[in-house]
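Each of the two complexes below includes subunit A, the first together with subunit B, the second together with subunit C.
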Partner chain A sequence: MLLKIEELKVKTEDIILLDNIDLEVNHGEIIGIIGESGSGKSLLAKTLLALNSKNLVTSFRSYNYEDKSYSYDEIKFLRGKHIAMIFQNPHTALDPSANVKSQLKNAILLNNKSENIEHKSIELLNEMGIKDAERCLKLYPHQLSGGMAQRILIALMLAREPSLLIADEPTTALDPLVQEQILNLLKAIVKKRKMGLILISHDLRVIKKYADKTIVMYSSQVVEKIETQKILNHAKHPYTRELISLIPSENIKYKENLKTIKGRILAANEYVMGCRFSNRCLLVEEKCNTKVPELKDSTYRCHF
Partner chain B sequence: MINKNHVFIFPFILLGISCFFLDPYTQNIDKVLLQPSLTNGFSYIFGTDYIGRSYLDRLILGGINTIGLALIIVFTSSILGFFLGCYAAIRKGTIESFIMRLSDILMSMPGILLAIVIVAIFGNGVIELFIALVIVLIPRFIRFSHSITSRINTELYITIAKVAGSSKIQILKNEILPNSKNLLMQQSILSFSEVILEISALGFLGLGIPAPLPEWGAMLAESRNYFSTNPYLIILPGLCLMLVVLFLNYIGENLTINKREKNAIKN
Partner chain C sequence: MKKIIRVKNINNYILNNINLDIEEGSITSIIGKSGGGKSTIAKILSKIENFKFGLIQLNYKNDYLNIEEISNKIFYSYLQIVFQDPYSSLNPQRTIFESLKVPCKNLLNLKNDECREKCTSMLSLVGLNDIVLDMFPSQLSGGQLQRINIARALIPNPKILILDEPLSALDISVQSQIINLLLELNKSQKITMIFISHDLHVVRHLSDYIYVVDTGSIIEHGKMYDIFHNPTEDLTKLMVDNYNSIKI
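Presenting the complex of A and B:
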């Protein structure tokens, strides 16, 4: 077991932002987290690295990394060396005033002072599938294309050889072709280095293709945990099933409207007595509005 | 490679060499208030002042005194101010508000007035002048670097550096310093010309660099009485002051334009 978290809660003084989340990641496993904007995916990713701002209260029953227990304040010692994270927009994630070479140098020096920097950085860039690595070392972030920048960012993070990588919507800012390349690259690296990967996305097709297990989040709760292979036919939560039915079919007609789920996601500060999906759910009944559903068999959160 | 901006350095090198041959103190009673003329011989080319001291030598040494002192003041206060501002922005909380409110208080007083008060308390001398002007100048750099650092601190690449496991000092060294040094440089050059004016203003009031040492503001002040008969006594130091400030502003502007052009080409 690489990472195991139980009953993770994040809240401000009166608003619950993450509600009792359990998470398990194994070596060489890709966990996909999916949910719409405002469901708390990015907050979860940040909490895993203790990057939350100070006015948020974070608590959990246990945070085990490689069978060692950590408190919230100790998580920062895991950063970089053990858990790394990549972000949505690679251009703003790179320091604009330094070229690739010196950024890689800083990252490599953090890891190992005696390493041959030139050799190691070219090796890293080659691993990322960048062919003319020597030319690339001299470039500044604004001279890189989106895909290149994301590759460099991954290289920066992998320089310290972490065993868990969190990818917070790594391909949202990229065009579909590059998207696929980057995700294939990530998958190959994860399988090769036996790392864990937490892949956050709001694109169900991405999750379906790359993740081993899927966690569906809705309005600061986990609503369903499922093996990705089963998601198409065996999803139990109405939200997940709605999401699957929304994937546009390949023979969509010109000017045909795309389907949506009616209504909007509850904001974290909107309190409801019962299920948080009840205002959009098609199966809604009396008890949905009064009783909070539990996570049944720890797989899905619904009364039905 | 030498480009046209580097030409600005040569007058300063000449100034530096020439100060070994200067004699701004010897008083010549028979040559009091000599008009500037080419026939006077080289050291009296700009005439003499009211007690017969070579005006050329006093102008040059006055310039070296003013510019040198201003340079040290700007350097000290930009370095100190940068680190205090960064520290406040990174630490946050009580320390931040203490440093920032203190600099607000200092900034709320007019600079020259504050300097006069400090010099009046500590007495008249080069060290006192230095302290007074550093105190006047430092809040500006604190506020400036505080705002830059706060802005940079919210950038994603700082989060990335944190995620990679950098300590706060490494973040300061690798991310914040390289990204704010250009802005800090421009601010320093703008302040530089202002400090020169302030030193001269204090000198004019008799609170600047003390008496036997030549200084442009003091030279203006002591020549006021001879204004109608010997106008060159006022015109020369005034002209020097104006040109230096003008050139400094020009350099500052050139610096920003060059940076912008370079960025434009890169993009």
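Presenting the complex of A and C:
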């Protein structure tokens, strides 16, 4: 097991932002995390690297990385070298005043001071599918397209040879062709290096195509965990099923109104006694409003 | 069908010889790779960026007028634009009413109480309650803010709405709400829409016509059905293949 976290909670003084999250990632495995904006996906990613602001209180029963236990304060030692993160907008993640060569050099030196920097840089860029690596080393971020910048960012992250990569909406800002190239690249690297990848997206089509397992988040909670290949036909939580039904099928008539989920996601400060999806659920019954559903068989959080 | 916008041989630092004809009442999508010039076309059409050569004409009261000859007040009463990021499109330090009041006053010369009435009716058109008028952007979700941006664009009762990636920052459920709203506005208010997107699932659902842009040039255009079923250019074929490969 690469990473195992149990009962992760993040809260402010009186608002729960992440509620008892359990997460497991194996070597060579891609875990997809999907959910609406505000469901806690990005906060979870930041918490895994202890990047939360100081006004948030983070607690967990256990945080095990490669079978070693860590406290919240110790997680920072995992950043970069063991767990790396790729953000949505590569241009804001790269240093605009330094060329690719210099940024790669800094990343490689952090890992291994004795390495041949030039050779390693070219090797990394080649692994990213960049053919003209020597020319690319001289470029500055503003000279790179979105897809190229995201490849450079991935190369920077891989320079320290982490075993777990967290990609928070890594292709949302990119067009579908570049999106496919980047996601194919990430998948190939994960499988080749036997790394773990946590892929966060609000696009079920992306998760369906690339993730081995899917975690569905809703309003600060994990509501379903499922093998991705089973998600279309065997998802049990009403939110997951609604999410699947929102993808326009082949049968939808041109310009016909698309299906939506009624109502809106509860804000973290809106307290309810029961299920946090009950205000939008088509199956809602009395007990849904009064009793919090547990995660049944560790797979889905619903009374039914 | 009457052309509401005619674009002839537009050039600037990104675009090469852009020619577009937009039919009145239609939804025309502009698709293509990131960095290809889609948003630059939107900015040029809405007078946010300049062009070096060429001609852009609006059909205004059955006359074709060059856009640089139309006063901003008339132009922006006729054409409005909605941007990609709903969060950065509204001033975070102003209430929604304070933001929406600006076009009411500047374009329609309304008084304060008339502004409030106008804002309320526009919000109701996009399915929002007037409670949001006294809220700040930080108190609203992405979907609500994008509806407010659309409501703001609708205040001067424009004939043309340019939408530059209006859905990409939104979740699928909110995306569906906004798509339904756009289709309804196109049908009921007869608003001509220019829709810029790289999501071919959405483009296929709501477009009448499609223009494909690559490295600053229009490489292919036609009716939605023809572009999806008989693409001729390599990029269009690749995009359609990609669309077919990620269908669920």
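What we mean here is this: the second predicted complex is superposed on the first by the 299 of 304 C-alpha atoms of A that agree within 3 Å, B and C clash if a C-alpha of one lies under 4 Å from a C-alpha of the other, contacts with A are read in each partner's own complex, and residues count from 1 in each chain.
Operating definition for what follows: a residue touches a chain if its C-beta (ideal position, glycine included) is under 8 Å from a C-beta of that chain, and two chains touch if they have at least 3 such contacts.
This structure is a prediction, so every number in the text was calculated from the model and none was measured.
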Exercise. Identify whether subunit B and subunit C fit side by side or clash on subunit A in the overlaid structures.
Key: fit
Quiz item: Of the partners subunit B and subunit C, which touch A:145 in the superposed model: first, second, both, neither?
Solution: second
Practice problem: Pick one for A:27: touches subunit B only (first), subunit C only (second), both, or neither. | Solution: neither
Quiz item: Thinking of the overlay built on chain A, is A:101 touched by subunit B (first), by subunit C (second), by both, or by neither?
Solution: neither
Quiz prompt | subunit B versus subunit C as contact partner of A:81, first or second or both or neither | solution = first
Quiz item: Is A:193 contacted by the first partner subunit B, the second partner subunit C, both or neither?
Solution: neither
Self-check item: Greater subunit A contact set [subunit C / subunit B]
Solution: C
Quiz item: Just subunit B (first), just subunit C (second), both, or neither: which does A:120 touch?
Solution: neither
Self-check item: First, second, both or neither for A:303, with subunit B first and subunit C second
Solution: neither
Quiz item: In the superposed arrangement, does A:11 touch subunit B (first), subunit C (second), both or neither?
Solution: neither
Practice problem: Could you tell me how near the closest CA atoms of subunit B and subunit C get once both structures are overlaid on the shared chain, in Å? | Solution: 11
Quiz prompt | Contact footprint of subunit B on subunit A as seen in their complex | solution = 49, 51, 79-81, 84-85, 87, 89, 92-98, 106-107, 110, 140, 142-143, 153, 156-157, 159-160
Quiz item: What part of subunit C is in contact with subunit A in the complex they form?
Solution: 32-35, 141-143, 168-174, 176-177, 179-180, 183, 198-201, 205-206, 238-239, 242-243, 245-248
Quiz item: Given the complex with subunit C, which residues does subunit A contribute to the contact?
Solution: 36-38, 145-147, 172-178, 180, 202-206, 208-209, 232, 242-244, 246-250, 252, 254-255, 257-261, 264-265
Self-check item: subunit B to subunit A touching residues, read off their complex
Solution: 155-157, 159-166, 170, 174-175, 178-179, 266-267
